[in-house]
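Okay, got some structures for you below.
You will see two complexes here that share chain A, one where it goes with chain B and one where it goes with chain C.
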Partner chain A sequence: MDIGLAVEIVLNGLLLGGIYSFMALGLSLIFGVSGILNITHGEFLMFGGLASYLVFTSLRINPFLLMVIIPPIFLAIGFLFEILFVRPISARPHHALLVSSILVTFGLALIFEDVTAFLGGGVPKGIAFSVPPIIIANIRMSSIRLIALVTVTALVGMLWVYLKKTYIGKASRAIIQDREGAILMGVNISKISMITFGIGTALAAMSGIFFAMLLSVYSAMGLPLTLICLCIIILGGVGNIVGTLISGIMVGIFEVLVGFTWGLSWSPAVPILILILVLMVRPEGLFRRG
Partner chain B sequence: MEARKPFDRRKLLVSLFMTVLVALIVLPYVTTAYMIAFLFIVFVHLTLAQGWDIVGGYTGYLNLGYSSFFGVGAYVFATSILYGIHYVPSLLLAGIVTVAFAGVLSLPLFRLRGAYFALATFGIVLLLGLVTRNLAILGGSIGQPVPIFPGYLTYSYYGALCLALAVTLTKYKIVNSKLGLALRSIHEDEEAAEGLGVKTFKCKALMFMVSALFAALMGGVYMIYTAFIDPSIVFGLEITLTPVVMAMLGGSGTIIGPLVGVTLIMLVEELIWTMTPYLHLAMYGAIFVIVGLFIPGGIISLKYFQILRSKLGF
Partner chain C sequence: MMKERVGWVIAIVLVAIIVGASAFYAGRATAPVEVVEVPPKPPREIIIGATLSMSGPFVGDVDPFDEMMSTFFEMINERGGLYVKEYGMRLPVKFIIYDDKSDLATSVKFYEKLITEDKADLLIGPYSSKITMGVGPVAEKYGKPIIWTEAQAPPVFAQGWKWAVGVLDPDPKSWGGNYFYYVVKPLIEEGKVKTIALVNEDIVHSVFVNKGAKMMAEEVGLEIVFEESFPTGAKDFSGLLPKLKAADADIVHFAACTPHSGTLFIKQAEEYGLKPKEFHVSEPVWGMIEPLGKDADYITGESYYAPGAYQGPLGDAGFIEELAERVGFKPEEWVWFGIHYPALQAAAAAIEMADSLKPEDLIKALKTLNVMTVSGPLSFDPETGKGSLKCVAVQVFDLKYRVISPPEVATGPHEFPTPA
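== the complex of A and B ==
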């Protein structure tokens, strides 16, 4: 295999993995803080992608400007989601909470997906935006992918600062590590939970923008993506940023490799296969909770 | 006087049950093919809902990928018939292969808990759908016809009726045994159960395999009905979700709950949903949300239903 191809595969894998880790981090935060696995997460990604597609086609602005417009909207949607659907069930005892949370979020995911398909979201859509490729030493790289890679890296860095330096970030990590302890230290769980839902949803929507720019967006993409997030979270440990990043990039690179060697129709099988194989050997996943 | 009352009710219930059963057995000779096909679908869903509830309702592990067993059973049955094997051994083969599949699958899956388990099982269905779509030898995404003998509707009707009865009786037996007690202890507190000597992994894996058996046999019987197999029939979202919706709506973790849920949804489907070809998935989703937010115990946990239940004594 020549070097250019190898570099391209690795870069594409890194990029896909970066986007995966990014959306998985959002879900991981939500799950860690609220104890609810938000199966609607992938649908918010889909909505983020569709919204950016609609904004882009109607206003014709630079797609990177979408990064400023879309997240605040989805932050608000996340708040609303928490108030409407999570707060009513969050006081239930452990097992009842689990069952109701799966029912509510899975049901909403089905509603969102089906209604979107009904309204014409079933056909894959994407943002057509071309920039000349960069060529270094005979290696051709799509510059939009490189810009996206840089942006994802910057965003993960910002998320890192948020979690390690700000009060809300530290409080959410405290809740993930020890819920009772955090309550005793005076952390307002319901407030933090609402904010986390907002931020997680905004992260999903941002990943949606990348999907619209680099791949395509369609109504049925949500549930499979939530599943990929889940695999990455189990491998990487809930709330563990480094673990999630490494697992996400691993899944991304393997997907690109499998897609290259066996054909694209096989690549969706990669995350769940990795999950099953890893669980056979290491039941607790690859990394600890963060 | 008071002590004899439940006995009389039981007798009444048994005789009622027998009457219904006899009626269902003679029905194919007196009614239309449409009615038989409708009842067949009811039995399919009843079997799947009850089978799902063996794991979902009693151990508390939500298996969102129950149709993987249905589909594996259907594919094994169809393939073995295409190789010229007779129907009965094909059905047995479908059962055996799927139970073994469930046994292997339980190793990684039962290392997960709660929401992780639910989503991972859903992933198995997506994976199987992907694999069957990509393998041309199994018919690929286009699917392939399954050669079926004439008079198939009656055969599949009786097959489904037998399976629906068998799964309900099996569930009843399990629930009222020591194993049933162990399952409920897993549901309440798995660590405590493990600490008190319950072999939790064994119990869960066993129940997983029992529920897989019924889904697999149903998958085979369903192939007799459709005479055609493709990934969207056996691994599609609709067949994956309906049993769960029905059991949850009726009330999971009970014998009567899935029956109530199946009856209700099948009636609603027949009367209303057939008029609108769109948004069926959204309606299932809406039922999920409503049950999750307002009636977590299902319909049978509602007040009037409890009164009705205590009056009838079941």
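== the complex of A and C ==
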């Protein structure tokens, strides 16, 4: 194989992986901190994409400005979501909480999906915006995908600083490491959980903006995306944001390699296959829990 | 005193009677009696049923068609209904439609309901070859006439249905014939085009379209330099694009049923910098081109509807305009309007032609029908039920479709190549 082509394929995988990591980052944070498996994560991504589409078509602003407009709205929606649907079940024991959260959020995901389809979100929508590809040494890269990768890497860095240096971040890590211990030390679980849900939801909506620009958004997209996100966060170690970034990129690269070598029909199986293979060797995932 | 009062009351009553009687007789003498003719109550309604992908992956192809069909029959009712020979009068149409969620099992369930519970006289088929093939046995089992719509894959007609006719011709060449024979062939002769790459969604209809494209490409002398399929639901084409770029084809032919597949493919190809001389997308539906905006310019594809080219009963410009206004859609933006609407025209024509609303009379009328529709003349093969409609080739500019072939209905020239 031509070396240029090989580099291009790996680069395509890297850029696809950037989108996967972006998608999964919020879910990883929420699952790690609150123990809630938020099946509506993909729906918030879809809502973020649809909201971006509506704002873009109404105001005709540069789509990158949406990164300033959309996340604060979804931060507030995340707070509200936590108060209305998560807090009532949050006092349950760990395993009951996990099962309850799956049932509650799965039901909500179905409702969100059907209501969105009813309101006209069943037709795929996208932001008609393109940027010329970047060409270096005859190797082409999608500019928007590169921006997505840079953004997610920067966000991982910011989240890392937030988790390591701020009180809320430290409290979040304390919850991830030992929930009961954190409660005994006076950490306000409800407050931390609400903030985490807000951040996670805002991250999902941000990745939705890239989805609307690069791909398209429609009502039925949420649940399959949540499934991919789950594979990525389990691979990366629950709550481990750096692990999420790396595992997302890994899935992206393998998916493109498999698609190139054996055809696109085999690509959808890649996240699940990697997950099965890794869990057989390392049941805790590739990286430590965050 | 008492006697005086009684006298007054009697006088007033008498005067009232006299005045009333005079007015009654005077009225009778001057105004003719108005006889209001109460139309006889229709003995029954004509019941027509259908399912449609009102949600699920196919909704982008047919989103306004449920309202379009309901409004079509509403407008017929406002004009007095459809004439039924059996009753010697026009009867109103009751149209029943269910959302099959783009799902075969759901569609089958609702067609059973339409036949057994709703007692439909005539059925309009669902969207897609895939769902239609599942619904076929239901119509056969109950002996109920059905008109297939967007179903063209040869297996749909292979069983030789007794109770079904389809508006489309399942010959693989009927899809892209106008493109390959009238658009591509002259380009080959001028030396502007030599190679083609074929990419298709792995779904019955797109496999069929791809098969036809391959046959015609070879026939007109194009070299096929790349061929690959992708699964329904594929979102990322990163693994495919480098191979496609290496193949360096003049035309990239993309056959897909799911509209957002086309959107994703073109968007990612643009992002990746893949620039063939022409992208040909077999189904450039509105749901596919709208998210692309200017990136959809110069894309060629197929459509059955050439606005204004053909009309037929219930297909004149005035009727279509009123329908479009009431539904709030632009027919020319929906590639499959040119299939679904002729099916409705055929249904109306067959009911008026049939001796009765009995299933055997309706299917007999359908199989001998020859009616002009908005997509050209339509008749059905009495043996196989195959229809006679054929695609026209279109090209997209500013999110509008330009008919480029056949020449007799073209609305503008084919512009080639796509500017770099």
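Keep this in mind: the second predicted complex is superposed on the first by the 279 of 290 C-alpha atoms of A that agree within 3 Å, B and C clash if a C-alpha of one lies under 4 Å from a C-alpha of the other, contacts with A are read in each partner's own complex, and residues count from 1 in each chain.
Assume contacts are C-beta pairs under 8 Å (C-beta built on N, C-alpha and C of every residue); 3 or more make two chains touch, one makes a residue touch a chain.
On a predicted model such as this, the values are computed, not experimentally measured, just so you know.
> Is A:G13 touching the first partner chain B, the second partner chain C, both, or neither of them?
Only chain C; A:G13 stays clear of chain B.
> Is A:F85 in contact with chain B, with chain C, with both, or with neither (first, second, both, neither)?
First partner only, chain B.
> Examine A:G126 and indicate which partner it touches, taking first as chain B and second as chain C; both and neither are also allowed.
second
> Kindly classify A:H95 by the partners it touches after superposition: chain B alone (first), chain C alone (second), both, or neither?
Touch status of A:H95: first partner only.
> For A:L227, select first, second, both or neither according to whether it touches chain B, chain C, the two together, or no partner.
Once the two structures are laid over each other on A, A:L227 reaches chain B alone.
> Name the contact category of A:L5: first (chain B only), second (chain C only), both, or neither.
In the superposition, A:L5 contacts chain C only.
> Quick check on the output: what are the common chain A residues between the chain B footprint and the chain C footprint?
Overlap of chain B and chain C footprints on chain A: residues 114, 118, 224, 265, 268.
> Under the stated contact criterion, what part of chain A meets chain C in this complex?
Contacts found on chain A: 5, 8-9, 12-13, 15-16, 114, 117-118, 122-133, 135, 140, 142-145, 214-216, 218-220, 224, 255-261, 263-265, 267-268.
> Mind pulling up the chain B residues that touch chain A in the complex?
Its residues touching chain A are 60, 62, 64, 107-109, 111-112, 114-116, 118-120, 122-124, 126-127, 130-131, 133-134, 187-188, 237, 241, 248, 278-282, 284-293, 296.
> If you look only at chain A, which of its residues touch chain B in the complex?
31, 36-37, 39, 85, 88-89, 92, 95-96, 98-104, 106-111, 113-115, 118, 223-224, 226-227, 230-231, 234, 265-266, 268-269, 271-273, 275-276, 279-280, 283
> Per the contact definition, I'd like the list of chain C residues that touch chain A in the complex.
For this pair, the touching residues of chain C are 54-57, 59-60, 63, 202, 228-231, 233-243, 246, 259-260, 263-264, 267-268, 270-273, 287-288, 290-295.
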